[in-house]
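Presented sequentially are two complexes of chain A, the first with chain B as partner and the second with chain C.
Let's turn to the complex of A and B:
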């Protein structure tokens, strides 16, 4: 991932140990990571093989938790919903973010600052608050979104967005668009500003039209950021939980016919509402593996790591 | 609202008019198109905020009558008033006695600001150690940190919950704050910023007899102020808006934070949503103020990590 540090430049470092100073400075991190990351991580590995009833009683069940997940249609539904959401993030939200970044990149700077601020602002609002707000915006007949779609395309005034299984996922995707389009736009904008202008000019002097310049010059020179943004949005998408929880309060975030249930929503229900921390840990591991495989594939296929 | 369609049609028409004026190099037309698209996107983003403000102040009786605010000539205490806020701020009885909404606000402020201060200190300190010292196991430590960024936090929730039960930290703020005090993400952010601090300066500090910790605090920290500001905002927003952990760990009514309480209010006030919308409005004001104060640092801090890769 490109959030990573660059390989340490030797000249930027002081070659002596200076006693124990660096160790002392790192001690809080090391202690807290051991207690709250390493230990829980190992423990999650153990826990996944137990069935628990609350935090205090447990029975070893071997691979039963994973077998249960493999067979459970509710978990499959959750996985499917979350995957659809992740695909929408990548193929709907990111192109829109990139489009807005391109529009902003060439504007005059005062207006640019204003638009950037406005488009980014939904990110200040926590997912729970966004969910609460949009839950009301999707109200049949009176909700802002229902009224808006009626005025624009003559459809949707009476639509039960959050009560109709077919419309729950679209409602979540629309809400997520509102929140995150501006967030990824910031990354794309930063990347666009570091693209070599000379290269783009050379291409357009050579007769490439605007689209070709974008496709063959601009996009390839910002591929690191594109990969970074795609990977982080997939990781983020698979961790969707709070938005549907607040959007669909009657059903604890699962929606009619489990149409809004996400993987983490499922984890929350089995582990914290249902008390089976073992099954919860098994869901957590499954999710971790999915996220790891997708990020690894993504980085591998695009060959960014090799450079 | 059908004027909306006419307005859109007008905008499209104006584009073609401008395009017709100079069809060879349609600079004006394209510039116009850009502004219009950006303005429409911004309007789409702002509309829910405006609607939220309107809904929080509108009286119950006219809540659904107007899309946003009532027309100016109808502004009066019968249409716009503070009833929603009054209802929200009124004391409510619970197992812990009467609890007022400001208690939750206070809890959120306490939780978010304490976490922010602690995170700022410990992440920058560790970031300084990995930016400016060579020590045994450093390469190993850095790749461990990088790997830990990939672990979804949720995986750790069930075991951490069990741990908290055993440490008797459930339903305490210590239990909520402690696990997040130093994050690999924060350490990397500060490492990025501190690598750029010239070594000559640090050595000069040493020659003057400054201790290692004082060099960090007095020399290096002032130089990375923009990153500190960005980091403060990131971590404040993170704690202020965090829901999963507070929802799981906090149990007493008088300890809950705003996201947890407002999530409960959706069901409690299902029939008068003006009340929880007023609460939502109150909940998004503090981060907004902080953001406008620090927005320049924030946006540049956000994108440093990504672009240089």
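Let's turn to the complex of A and C:
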């Protein structure tokens, strides 16, 4: 088959003509990313070596911001609180999400869609709303949770969930469970529905009980989703900010004795309330490194990246 | 037409959406209203209403247009702080909440975005005309940056019907020791279910404002007049231990009624008999709990020692003029018009129960008016009599940090007290306060680098 010697010319012309078009369509994204992501990132890298009062006054302090941070007991507390929250997310929230997903996946009830909506719906409201709502539920003496726990176990009527340093983190975790369990359940449910039923049936025929089928067939089949949910949950946990802020408004989200202070809450306090953008940038970069290392370790350990 | 578009269907529709949305924006654009000469922003609906009523008189007198804006307090503070630091548009005049001043003075004086009012205050003799102690809250490094709106003296508000039924004579509660003796008598589990149903007083379990105002009543706050932190004071240790005894343990007399609806319910139920009440709180109480009309009264705070100070201070609002404003003198005239306008201050008190710092205004009839809600007491006279002895509160860039650290020390003391009781408590509180003080000092020394005016 021969090609007309004249035919490539108009196509080349069109291609030349269209050559710049994709870049124009990409331009808004590229400009926004450069202005609002890349430039601030680079600028924050520089800023981390300065002590500032907003953007106007700055003094070069070298590594002093990082040195201060590593020695600051308040930052240690924020990091500890955030890590506890992240661990609760992984070891409490995700198993609950998976359990609910298994329950919803097991039956053929017409109510499945209804329960899916009910469990997911807390995620439709903002965290500020959730914070305000649970602030009322945790009210000593009159709050629903206090009254419920008093009726159930004879404890808690006058407990200050949001005023007692020992109870603040449990209160945040309980609130977060209500919000996020349903959200992660949707991921697990989608993964469960894509598991090959033939494999599960084959395992059952071979004599595997329900637990063995789940452990040796179902769970490995949804490994990618599990790793994704764990990684995003940990990243989300280390970025926790609005929920404690709304739950503990009297203390700007830090709670009594900083018991509800998170790393981002600490960043907000030093950078925006305190005006030291340099120290804030150092906190941001430190957090970025922590999240990167944890995520990298997870992906390495689970071997997902190699597949 | 779509097929002829050289870049395909998707780009065609993207282009159409952009053209249509731009056309819609242009078509629905409203003509811009004339820019006001003064943009005044406050965070209190009551203030906004009062100023909107007053503004036309000022506008007529000066031939200008004033716009009074209402913005939520937290949003106002953070947006104003960021706008000032970034050099973007800000209102000409702003009312700030006490305690937020530190956010604006955390750099060198040249970075403070507010006009220095020190000379204006001196020229008008305002230190003599207003309650002098209120200027400290709005000053930094010897410069006054705001005009105080109020005094906010603190008294005790109580359920007179219940207190009188219990045979308590409040005139005999002269000291906190008298109060505690009475409190231990009335704090009771009334139905025998193991839960206390009646407490003497509402105090925040976490310390915070309740503890701070008691420290200030005792003459010791967070900072002294030179901006030095003052945690290392035997009165601070003694007050913390006293507070712990009243809020925890077998002999406690206080409960934490919280805020908002839980507080309203507690007051209605008579869960606590007495409530710490700055002037502003009397107004919110009479508005939110109309069914307690005629059942409430106020009394001065008990003193720490016989003959001592019978009040403290809680909260406050100050008016700043931003440096960015193009007509500073006009702004100052408007500030005086709002804050030193004697007849208007009488009306303002009648509408809010808030005592202005302008002492001349206290003689107005509105201040002597009996208040039916508070069993016919003349709230204006009671609070005005307390106003001159309100303690000074010194503002620094580290005010919030110091408040947080004081609370940390208090809560660690509380944790120790709940586990071990009084044995060794004083040493623990002293040690925690020393650590808190060191932390604030370390941060302030570090920040000194960037706060220097060169």
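Points worth noting:
Note that in this section the second predicted complex is superposed on the first by the 288 of 307 C-alpha atoms of A that agree within 3 Å, B and C clash if a C-alpha of one lies under 4 Å from a C-alpha of the other, contacts with A are read in each partner's own complex, and residues count from 1 in each chain.
Methods note: contacts are C-beta pairs under 8 Å (C-beta built on N, C-alpha and C of every residue); 3 or more make two chains touch, one makes a residue touch a chain.
As the structure is a computational prediction, the values presented were derived from the model and not from experiment.
Taken together through their common chain A, the two structures put chain B and chain C in a clash. In the overlay built on the shared chain, the residue A:136 is in contact with chain B and with chain C. By the touch criterion defined above, A:280 lies against chain B but remains apart from chain C after alignment on the C-alpha atoms of chain A. Set against each other, chain B and chain C touch different numbers of residues in chain A, with B touching more. Once the two complexes are overlaid on the shared chain, A:239 sits against chain B while remaining clear of chain C. When the two complexes are overlaid on their common chain A, residue A:100 makes contact with chain B while staying clear of chain C. Of the two partner chains placed around the shared chain by superposition, chain C is the only one that A:61 touches, whereas chain B remains out of contact. In the overlay built on the shared chain, the residue A:122 is in contact with chain B alone; chain C does not reach it. After overlaying the two complexes on the shared chain, residue contacts for A:80 are found with neither chain B nor chain C. When the two structures are aligned on the shared chain, A:272 is found in touch with chain B and with chain C. With both structures placed on the common chain, the touch criterion links A:291 to chain B but leaves chain C unconnected.
Superposing on chain A, the segment of chain B with clashing C-alpha atoms against chain C, chosen from 2-10, 20-28, 92-100 or 128-136, turns out to be 92-100. Comparing the two interfaces of chain A, the one with chain B and the one with chain C have residues 14, 17-18, 21, 25, 55-56, 136, 141-142, 250, 272 in common.
Across the complex, chain A meets chain C through its residues 14, 17-18, 21, 25, 51-59, 61, 64, 68, 73-74, 136, 139-143, 157-158, 160, 163-165, 250-251, 254, 256-258, 272-276.
Across the complex, chain B is touched by residues 1-6, 8-9, 12-19, 21-23, 25-26, 28-29, 32-33, 35-37, 39-41, 43-44, 47, 55-56, 100, 103-104, 106-107, 111, 115-122, 124-129, 132-137, 141-142, 144, 147-148, 150-152, 178, 181-182, 186-187, 189-191, 194, 224-225, 228-229, 235, 238-239, 241-242, 245-246, 249-250, 264, 267-268, 271-272, 277-278, 280-281, 284-285, 287-288, 291-292, 295 of chain A. Partner chain A is touched in their complex by these residues of chain C: 6-7, 11, 14, 78, 81-82, 84-87, 103, 106-108, 111, 195, 204-206, 208, 255-256, 258-259, 261-262, 265-266, 271, 400-401, 404, 407-408, 411-412, 415, 439, 446-447, 449-451. Within the complex formed with chain A, the residues of chain B that make contact are 1-2, 4-5, 8, 34-35, 37-38, 41-42, 44-49, 51-52, 55, 63-64, 67, 122, 125-126, 128-135, 138-139, 141-142, 146, 148-163, 165-166, 178-179, 181-182, 184-185, 187-188, 191-192, 195, 199, 202-203, 212-213, 216, 237, 240-244, 248, 259, 262-263, 266-267, 270, 273, 276-277, 280, 283-284, 287-288, 291, 295, 299, 302-303, 305-309.
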